[in-house]
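Note that chain A is present in both complexes that follow, paired respectively with chain B and with chain C.
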Partner chain A sequence: MVTIVGRRIVAIVPVLLIVSFLTFSLTYLVPGDAASIAAGDNASAEQIELVRRQLGLDRPFLAQYASWLWHVVQGGLGTSLLSSRSVLTSLTEALPVTLSLTLLAMLFAIAAGLLLGIVAGLRPGSALDRIATTVASLGISMPSFWLALILVNVVALQLGLAPVAGYTSIAEGGLTGWFQHLLLPAVALGTITAAELTRQTRAGVVDVSEQDYIRTAVAKGLPTRLVVVKHTLKNAAIPVVTVLGLQFGGLVGGAIVIERIFGLPGLGTLAIDSVLNQDFPVVQGLVLMITLFVLLVSLLVDTSYLYFNPKVRQS
Partner chain B sequence: MTVVDAPEPASARARSPMQVFTRRVLRSKVNLACLVFLGLVVVCAVFAPLLAPFDPNLQHLDSRYLPPFSGPYVFGTDDLGRDVLSRALLASRVSVVAPLISVGVALTLGVSFGLAAGYVGGWVDSVLSRLADAVNAIPALVLALAVIAVLGPGLVNAMLAVGLASAPRLFRVVRGATLAVREETYIEAATVVGCSSLRTVAVHVLPNVRSPLLVQTSLLMSFALLAEASLSFLGLGIQPPEPSWGAMLRTAFEQQFLGPWLVVVPGLLIMCTVLSFNLLGDGIRDAIGRERGTR
Partner chain C sequence: MSPEPLLRIRDLRIEFADDDGWQRVVDGAHLDVRPGGARALVGESGSGKTVTALAVMGLLPRRHSRIPTGRIELAGQNLLDLTERQLRPIRGTELAMIFQEPMTSLNPAYTVGEQIAETVRVHTGASRKDAWRRAVEVLGEVGIPAAARRAAEYPHTFSGGMRQRVMIAMAISCRPKLLIADEPTTALDVTVQAAILALLRELQETTSMAVLLVTHDLGVVADFCDDVTVMYAGQPVEEADTVELFASPRHPYTSGLLRAMPQSAHPGLDLSSIPGVVPRADRMPPGCRFHPRCSHAQEGLCDIVEPDLLPLDGTRASRCLRIQRGELDELSRIVDDRVVAARADLDRRSS
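Here is the complex of A and B:
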């Protein structure tokens, strides 16, 4: 089991290397000159040359990549061209916001998706099933930021049940304040994933319910609750977990737009600001950090197969 | 996609696989409804200037923030007094063209590299697969943002980036399907007869990849449309004053206190179009499934 996980971790390394190379190459495709951007608007030609040498931009491409990668591995992502702050500091400040948002969205998706999926899957063809399937189809096709706009409009502006925008950390506003500010964004962000999970769970439950071992479990007199939880759900879980892992990247992408609507100071807001201002060290740091998280989540998903599917453990 | 060019015999039994496939897809009422809706969107896009009651960019500053069904403005007016219906009609052009750019890029990259990786195998396959894994690990919207940081905001740049980000998905489908048929006898026969690799791939491998590719293309259209809407909403896609459904939602977001109804029409249009592409993708997949089952 340790070797399987170990092999997975080793397999991540080349992927991260390619991603880092692609991210580093980004700056070389820019029409503008990084040195003159960093030197400021009124810099003379000598000043620009000085900055170029200071930043090491006059060295060959691969040498620059190697030293850049060496710094990145040690946690040095450089400084922002715009604010002159350390990129790592900006990222670690924004990360808790985005993590809170995606985590809550994921929890909402799992709760809603599993519930709807199980209800629909246990009685395929029933009215409840048809309602759940329709809701899921609509949910998948709904832009998350449109749902966010509607929620802000109805729940926050008309009913006044939640704050319109803003973020308070647990340290500032306590658990309730944190939760109140993130509830609407998390529901808006998590709906697509919830809908996808509903479909997968339903399909999995319908599929597993027809298997012989379920009939055996029912025939030997196990209570329905036990059959559903221990036999049906555990076996239906593998495709569901897979989808959850695949959806994580989409959740992070969606979070960028959602953060903008609710004024959350997370990675998304940082990304839009740095993209509009061509602040490449920050863009590079963001791509690397987000990719690392996506890869870690997929590692987690692969590891969870070991629990759900004993066959994987042996192979 | 190729259209069957040989004239079919009149007898009802001898149907080409393409005709059988089309018939299966059209048998479902859901698929038919989706095709009709998407057809309507295309018609609106092509004839937008003729259908629109007003100039979409003309500002009626004396009639701003009119709610729906006010006089001649069926869907109301926005913050500059522009007719929402006319703008929504013109915006359907973006919704047709923008996803096509992404899908075109993704198909070109995904199919060519996928066929190469699957057919040639060896180190070509390893290198291309690792590259696809790497691009796939970066969330599509994040990759799009990075490319826009380099190339600058704009609809074409945004859609090129989305296409690049979606290519690995098609790559995997094509590579998998190619691997599955590579060892078939008829491929070997084609090689023995003296077909060049290029001809073998184009004439004998590609048709086997067509069906799964069609499903993915339909799903990709809906993904690209959502991505266009998101990027235009953020102000990184289409630039004002040109309308797209995403850009109209941006206006609605900025004016949510004064014109809360502005959010309804563009959002519904996005949802229905995306829903049609999704359902159509599922429908084609089911039709292929049945095709396989009857053989």
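Here is the complex of A and C:
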């Protein structure tokens, strides 16, 4: 079991290497010149050349990549071309905001998705099932930015139940303030995932409920709660967890839009700013960090299979 | 039939929904199981025997089935009057069931010990430790070697026969009064079949647990059961003591089943079979439901008059009109070595 997890962790390294190479080359493929951006708007040709040499941009491409990678391995992501701040500092400032947002969105999605999925899956074809399935279809087809605007308009502006925008860390505003500011963005961001989870959970519960071992569980006199929570859910969990892992990447992507709408100073806002300004070191750092997170989540998902499916443990 | 039966099924009708409405798949099931006795419920696929067994457990699919009439009494109490919640404490403690497919009847996500122990915990309120100890104990009773170690393993590490033993261990963990075994050996290798049957029989004798054995295999019946009910097309057609049934069947269908047993074949001759198939619930023939397949059917009688299950002499009953009229005396019969052995065994037990 330890070796399975260990092997997975080792497998992360080549993926990170490939992604780092791709992002590094990407910045050279897009139009724009890093040296002229760093030198500022009114720089002369000589000044730009000077900056180019200072940044090492005149060296061969592979040499640049190698030295950048060497810094990255040591924990240095370089400095922003615009603000001259350390990329790592910018990232670590923005990270808690995005983590809070995606985590809350994930929790919302899990709670809503499991609940609706179980209710629907236990009685397929019933009125409750039809309602849940319809809600799920709506949730999947609704763009998150549109839902976000509706939520802001109705819940924040008309009902005044939540702040319109902005972010408060737990340190500044306490748990309540933090939660209030993130509630609407998390719901807007998590709705698609919740809908996807509803469909997966429903399908899993319907499928597992027809299995012989569920009949066995009923036949030996277990209360319905145990039959559903213990015997059905654990077997229905693998596709659900898989989808959850896949959705995490989507959540991070969605966070870029949602952070913009709610004015949250997270990775998404940082991403938009740095892309628009062609601040390559920040973009590279962002992509690497997000890749790392997505890989870690899929590692977590793979590890959870060991718990849900005993057969995996032995192979 | 004395004493008072443990399980008594009377006039049980079961209907399943399909596109054309409700189809009656069991029509007047009638069955007794004595306390500590072993009753076989025999018939081809589609005769309604498994559905009857599931009805006793209350395991019929709730949305697609209904029971318009009938009684299923367990020690005098009509189980059909009970709600799901009232039925739950009876399942596992008084009634237990094992199924045809041991490969899929155990939950792959939990150890076999846990699946037995949870039953014990739910019904007796035992602690985790005590329930686990009981699980190991019953696994030993059903012949799982190294039970203490095997209890902590998952179902996929067990063979089919061993999984059926685990199912039996689970079923007997709370000492039920009646075990319903639905084709318990059909999915197993022949060598394993005999061992499982021997185990069931041993448990039945040592724990005085009654057994209702649902099977299509009359060979199994001869090995195991005291009494037999033969079902055809959703109705019981013959009821008898096992030895008497084998010695002189009192319904042409029973006789056909007996002749179709591989044990009754003669070397060099083809195996006998009953022509045709069990009619569908929505296409029941008029008169006797078996008459289109029956070599003894009489025109103007069997295709018109709907027979009832009527008592013959003493403990026997038959649904055959011509038997009831005394027109058919000698149906082909079977006396193979198994019956001789069963008879000898029965004598030994009663003396």
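Please note the rule applied: the second predicted complex is superposed on the first by the 314 of 315 C-alpha atoms of A that agree within 3 Å, B and C clash if a C-alpha of one lies under 4 Å from a C-alpha of the other, contacts with A are read in each partner's own complex, and residues count from 1 in each chain.
The definition used in the following text is that a residue touches a chain if its C-beta (ideal position, glycine included) is under 8 Å from a C-beta of that chain, and two chains touch if they have at least 3 such contacts.
Given the structure is predicted, the values throughout are model-derived calculations rather than measurements.
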Fit or clash - chain C, chain B, common chain A: fit
Partner chain(s) touched by A:V283 [first = chain B, second = chain C, both, neither]: first
Touching partner for A:R7 - first (chain B), second (chain C), both, neither: neither
Per-residue touch tally on chain A - higher for chain B or for chain C: B
Which of chain B and chain C A:R53 touches, first, second, both or neither: neither
Cα-centre angle that chain B and chain C span when viewed from chain A, reported as a multiple of 10 degrees: 80
Touched partner set for A:I150, first chain B, second chain C, both or neither: first
Touching partner for A:R130 - first (chain B), second (chain C), both, neither: neither
Chain B versus chain C as contact partner of A:G250, first or second or both or neither: first
Touching partner for A:F308 - first (chain B), second (chain C), both, neither: second
Gap in Å between nearest CA atoms once chain C and chain B share a frame through chain A: 19
Those residues of chain A which chain B touches in one complex and chain C touches in the other: none
Residue ranges of chain C touching chain A (in the complex, touch as defined): 57, 59, 63, 84, 88-93, 96-97, 99, 101, 104-110, 118-119, 122-123, 154, 156, 167, 170-171
Complex contact set, residues of chain A against chain C: 125, 211-213, 215-224, 226, 230-231, 234-235, 308-311
Contacting residues of chain A [partner chain B, same complex]: 14-15, 18-19, 22-23, 26, 29-30, 137-138, 140-143, 145-146, 149-150, 152-153, 157, 249-250, 252-254, 256-257, 260-261, 271-272, 274-276, 278, 280, 283, 286-287, 290-291, 294-295, 298
Parts of chain B lying in touch with chain A, wherever the complex brings them together: 130-131, 133-135, 137-143, 145-146, 148-151, 153, 222, 226, 229-230, 233-236, 246, 249, 252-253, 256-257, 260, 263, 267, 270-272, 274-275, 278-279
